[in-house]
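Heads up: the structure comes next, in structure tokens.
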């Protein structure tokens, strides 16, 4: 147990209560910052945003992307896991039957409403085939109307790339699984 | 159903000698953060009566909890006390784990404690910084925000986001810490401490600040207990009650830290306690890194943890387990528990009731600020309008956990 | 220690304690409504128990699952003794939906009981100021009842017309009325 | 005719300096400076043809924006007073520059009662704040107006008394004469005769301009924006500019009283042209330096509470300034004029004043009337609760 009054002092001393010394102390800090920042920008922490950007960390959950199969088709099998687990109900999937008999289902439409999304990342955890990811490192751009935030499958796939997981078994050179 | 007869206007004070001025403070008022409405009766600048109206940020957390799965509630829990989301998540995760009887791995416990304590520091920094700003010391505020920013970056590195972290899961945490994170934490804590030293020099011992805080918003020990105070506000009256010490949870019993207490129960005490708790949290974090065990970061209990991605992609058993957990959610056995933890403002309690399905039957949050805010009129009466500002900030009202 | 509380309560209020249970380390006593305030006062004042901190009161709505419909759940705690206990009172729907107020024992129960009324429609008898707290005055229904729909809509609150409305709303307040009336007369372009 | 022409030119020149250069630049400097103090970048987005000039175009953008902005007024205001208030505040700040001697010849009117004229007109500024607060028909404005009037009245007294010491030293109230009297070596400056008076003057002047830490009439976290809460557009600008101009006014007066005005130490003025320009430059440099200090103080300190400002004004500053006047008068009478003895005696007297003021301050610490009231009220209320 620490008594804060004992540690930080309970009463003002005579000098402190004259305002002057403490004000001068404060001025020494502010003026030092002023000089340092004027001459060298040493302590400046803000950035000139659009010109200077700070990269997001690796785990940053940004915009979603849909991963692709080796032949460039969408990896998603429309299992509805992500749509179910989403607390914000922002994922809409319309499933359809694929011509290829090895692929049972695929999403005819896969849309995410980025205005409703809370970027919790549960959909990524829930995906059983590594089809949806949130690692683009980008955040939604401003739009002029709400429809601009409703993103379709095509847009989501533009950011996507081939994935490590494959359907129907282990890939021999799979390093990370 | 109509409001019963017993309702009355708390402003109805008929023993005042002259006509008071009624002043509506908020919700659109800089100090009230847009979420509180204070109705004051003023005698000149002196507050003679006050009434607090809350509910402007009511988002139906408890109702939403009833239609979400157990894991989805984490996303809502983040938004309770949005300054320290990790602490809310820890409280909620502990409640579910207590009801299910899940053991959390050691390493996850340590990561939880570290993340929580970083959150606690952020919360206290916001509180003392905003307090200084609302007293007019804008530079001091920005220094505190700068220090907080160092820590938010850490949370972003480990959880992916700064505020809406969604880092904890039932039975553990989302991911292990990234490489080099411990060094980054130590560095950031050192930097933040350096910035806070300047903050400390700027305001703590300045007489203007001292006079504004000292002896303002006093609450006595008995009153504080009677109103249900917890956290720094209770400790400012001299009671060394901290749930981390009184009912150790997670792995707090392994760390060596002190509880700061005040004497008078005024704003200055609350301010100093927050300043000191920042130091103590720092101590906890450093000890946690020194003793960090290895191992998994999420429980292997198949009832709660999603299976590893590799088996999910490749084996049908894991895939089925995965689907069951995603579609039905975690199935919590029927029962009810009350679990509580020390959040930044005091006791954060979760009373959860399960009926055996994948969704909570009832999630009740006991926000620390809710109990404290009801004593606000008592702390304001007799003071001046200007005293509302530090008192209101000393409570550290967070509408997210007040209105839920 | 908390077990001792349950034992002691059973001993002291034989019929009043409906049942006791210990679940996952939480000790809970289900009480009859009549003895609630008495038990609370006893727990607070007794030197062995010293339940000096009122933590929480809430309700659980067991619509169509159990009767009586509501469990009103009190969480109490002792800061000095470092133990705690849960008290439950079961109340039914309609006229029976009320509990006695414990604000006389702990002042801090004030807002929690208002919330209980606001959210569940469980009246709190003897509460000094039982108003809605999170919802507004004209709210219809009680949102945390299970029969209140999640996407429930409320009738819109009519737009406030003019500043005159504000003055009329406070007819007893001479300051507001005085300032308002004088200004309105002196100002032609309002 | 010639006099009229010269006077007009002088007026244009002075107002070009004050209104055209100093005030807009002050807005820029304040924002930029606060950014530097607070480890930020500051405003730098306004550009002309892609040229940003460290945000120097922001004042221009601000002015255009504010002038073209809708004048949004409350329906229940008092129409005439609401319009008149900003004019009064602005006018009282600007007119006083008529007697400020920027240079040997650069002074609009050399009144014999120059300093008194400044005080007389500047003290009218409080009417602007008070009327604005009352005419807005807003309770926050009203509170701000009450705070402003109480505080400015209190500090006007101190402000006047601190100057008296300087006036005694130089035996004149004419602004130009004061400057002339400080010619010669640097220790002829007012600050070396009246250091305490300078500190008191500086503090009281900050209070008179209602700037932090004395910005409680605005107190944005307590009473939103105080007396100019209900003002927008050009009327708001007049308050805003008035505040800056007033800040420069007191800085200018401080330069005249304590820093030798346009006099350059050790270099006597013998009618040289270069000296006139150098003098004006020196005057402006000192003025800007004092204004800069005021701004830095603003970004360093928290805000006072209403009663604490009154305590500081009436219980610390006023007794100290009276003590300073008495000590100065005694020293001036008792010692031979202009000698080293007098100079030393003045400094010793000042030191005595400081020590006494510190002792008083020490004795006053810990006294918290409001706390007592709170305690009394609480006891009363808890008794009520018991019954």
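Note that the chains take the letters A, B, C and D in the order they are written out, and that residue 1 is the start of every chain.
Rule of thumb we're sticking to: a contact is a pair of C-beta atoms (placed from the backbone, for glycine too) under 8 Å apart; a residue touches a chain by one contact, two chains touch by 3 or more.
Everything quoted here is computed from the prediction, not taken from an experiment.
Engineer: What's the farthest chain from subunit C if centres are computed as the mean of the Cα atoms?
Structural biologist: Centroid comparison gives D as the farthest chain from subunit C.
Engineer: Indicate, using Cα centroids, the chain positioned nearest the centre of all protein chains shown.
Structural biologist: Ranked by how close its C-alpha centre lies to the overall one, first comes B.
Engineer: Indicate the whole-number Å distance between the mean C-alpha point of subunit A and the mean C-alpha point of subunit B.
Structural biologist: 23
Engineer: What's the distance between the Cα centroids of subunit C and subunit D, rounded to whole Å?
Structural biologist: 55
Engineer: Roughly how far is subunit A from subunit C, going centre to centre by Cα mean, in whole Å?
Structural biologist: Roughly 40 Å, centre to centre.
Engineer: At least two partner chains per residue is the criterion; list those residues in subunit B.
Structural biologist: Answer for subunit B, listing residues that touch two or more other chains: 21, 139, 146, 202, 206-208.
Engineer: Send over the residues of subunit D in touch with two or more other chains.
Structural biologist: 37-40, 299-301, 365
Engineer: Taking the touch rule as given, give the residues of subunit B at its contact with subunit D in the complex, in rising order.
Structural biologist: Per the stated touch rule, the residues are 21, 23, 29-31, 45-46, 132-140, 142-143, 146, 202-203, 206-209, 211-212, 214-216, 218, 378, 381-389.
Engineer: Residues of subunit A touching subunit B in their complex?
Structural biologist: Residue positions touching the partner: 1-5, 7-10, 12, 16-19, 22-23, 25-26, 29-30, 45, 56-61, 79, 81, 84-85, 87-88, 118-122, 125-126, 128-130, 134, 165-166, 169-170, 177.
Engineer: Quick check: in the complex, which residue numbers of subunit B touch subunit A?
Structural biologist: These residues of subunit B touch subunit A: 68-69, 71-72, 74-76, 139, 146, 149, 153, 156-161, 164, 166, 174-175, 178, 198, 201-202, 204-208, 210, 240, 258-264, 269, 272-273, 275-276, 306, 308-310, 312-314, 319, 322-323, 326-327.
Engineer: Inside the complex, what are the residues of subunit D that reach subunit A?
Structural biologist: Touching subunit A from subunit D are residues 33, 35-41, 44, 199, 296-297, 299-301, 312, 357-359, 361-362, 364-366.
Engineer: So in the complex, the part of subunit B that touches subunit C is made up of which residues?
Structural biologist: Per the stated touch rule, the residues are 1, 3-4, 6-8, 10, 19-22, 54-55, 58, 60, 62-64, 66-67, 98-99, 101, 225-230, 239, 241, 246-247, 335-338, 340, 347, 349, 351, 353, 355, 361-362, 364, 366, 370-371, 373-375, 403-404.
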